[in-house]
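If you scroll down you'll find the structure; I have some questions about it.
Letters A, B, C and D name the chains as they come in the text, with residue numbers starting at 1 for each one.
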């Protein structure tokens, strides 16, 4: 019986990836793209610090706000799956981004909201080690942010 | 083949709550396999949710979103029976799409 | 705790302080294999297996010193695991929730 | 009755050596075992012990509840249901191999088969069903075996473990063997199952909260974040062995089956919660 996974031919997929790796196409530097999704802000996702990532993503910096709720666990049960929820009472929120400064790349997720979409998203992230989690909310063309520390005892990056 | 996307979208009186789970390895490119070789990055870059021709949410993801990613959000409006089209595309150009009905 | 102490001791002893001959290495590996064979199923220690494999690999590569040292380590660990199993034959009863 | 008693005494003598006291009845063992955990975790409702570490650690429970909003085992569950409902090449299906057509029966496994004189787990029964119908057995530990047991567990959720020890000295011996395995120290680290999951349950070991042994199998199969995939009871047992630095036994080895028999009997009354998620 075959497992109905997302990749019907897993062996071929792995073989292709291995080949890409051998050709040096799938290395560290993020050149692994066979095709980048349209509109995916690759440069911002390749930055090691939140500042650099935010500069590339928004072209501006943020100010602290208490109108953002960042719900994260104090101690992650496993760094591989850290539930994160961001919501805000700020008006007209257009984007919500989540950054983890201690991860190899700081920017983790960025959501673009349509008018009428609630300023509230939940997702699950990988964290390599104990780090702050930063939530950035864009409202009325300005950036606001808040952060909270999550302790990680079992790293989510193969540790 | 079973879809890689599972969606629960519930229309309430004023808004619709959406939860989605996508089957994807989300390999970060920083993890080594059992032979000590780096597993190349393979992760979803973009997910879109379209309701009534309008993109209600676009998610841009890096390699640090968890394996088999999950997302939860809500948008104004939506009625039972409406269609919600969910599409993802990853860094290798693979893609999948699912049309779900609001419940 | 004693188990741990002895294993640490065994690691300490494993550094080859002598130049082993082929005959000595072969004898050491044979002794380790014999000791390992006495291990109770489900309680063959992982480091025993690792050391034994390393000893056999070194033997094949004619590295007598390494073979002898790894075999001595494997033998010590195997004997300790056998001793642990024997001790637990009755000792487990002290742990039972009553 | 007298003969049985005699047999049991003889058996006990074989198992434990002449000098040792005769073992308590399995029922007395179970009562003491459950009392130990109720006493250790007075805040935990009995039915909650099927939720492992989440039953005894509030901050972890919150993360778990968030994950359970859309659990990652959903894909496996779907796959298992489809496979369960798909006919074999000979036109039969899994349902033909089990009582109640395989629905809502997880809590009765493992059982002691008085015909063959051995403990039969659900996973083993699934493979025997396949082989009897001309299909190749599934690999244990993960993949399709985990998916099918996930589905079968899901149809049994809320049903309390109901393991029986039939009036057969071999069944009693299997139980005693499982008990001995549970309490015996092994591996280079010199731990027993009990050292972690009884005496230290609820405490942190590295990053993990150690689950209480009571009800520990109720959630299987599980999606473990650490594995990034599904795993069966065999996967958990073999992983535990390796973590204690003991070479694992083969999946479904009779010693593991006896251990599962012991643990499940000790958990009688705890409702099935599987499939589950764990860190």
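Some points to look at:
The rule is simple: contacts are C-beta pairs under 8 Å (C-beta built on N, C-alpha and C of every residue); 3 or more make two chains touch, one makes a residue touch a chain.
Bear in mind that the values here come from a model prediction, so they are computed numbers and not experimental data.
Centrality by C-alpha centroid: the chain sitting nearest the overall protein C-alpha mean is D.
Each chain gets one centre point, the mean of its Cα atoms, and the points for chain A and chain B are 14 Å apart.
In whole angstrom, the spacing between the mean C-alpha positions of chain B and chain D is 34. Mean C-alpha position of chain A lies 48 Å from that of chain C. In terms of their C-alpha centroids, the spacing between chain B and chain C amounts to 52 Å. In chain A, the residues that touch at least two other chains are 4, 80-82, 85, 122, 124, 156. With touch defined as above, residues shared between interfaces to two or more other chains in chain B number as follows: 2, 23, 67, 70, 72. Among all residues of chain C, none touch two or more other chains.
Each chain pair that touches appears in this list: A-B, A-D, B-D, C-D.
Chain A makes touch with chain D in their complex at residues 1, 3-4, 73-78, 80-83, 85, 122, 124, 152-154, 156. The touching residues of chain D, counted against chain B in their complex, run 67, 69-70, 72, 74-75, 78-79, 82, 228.
Residues of chain D touching chain A in their complex: 59-60, 62-64, 66-67, 72, 79, 82-83, 138, 143-144, 147, 204, 206-209, 225-226, 228, 279.
Of all the residues in chain B, the ones that touch chain D in their complex are 2, 6, 8, 19-21, 23, 67-68, 70, 72. By the touch rule above, chain C contacts chain D in their complex via residues 1, 3-4, 7, 41-47, 49, 77, 81, 84-85, 88-93, 95-98.
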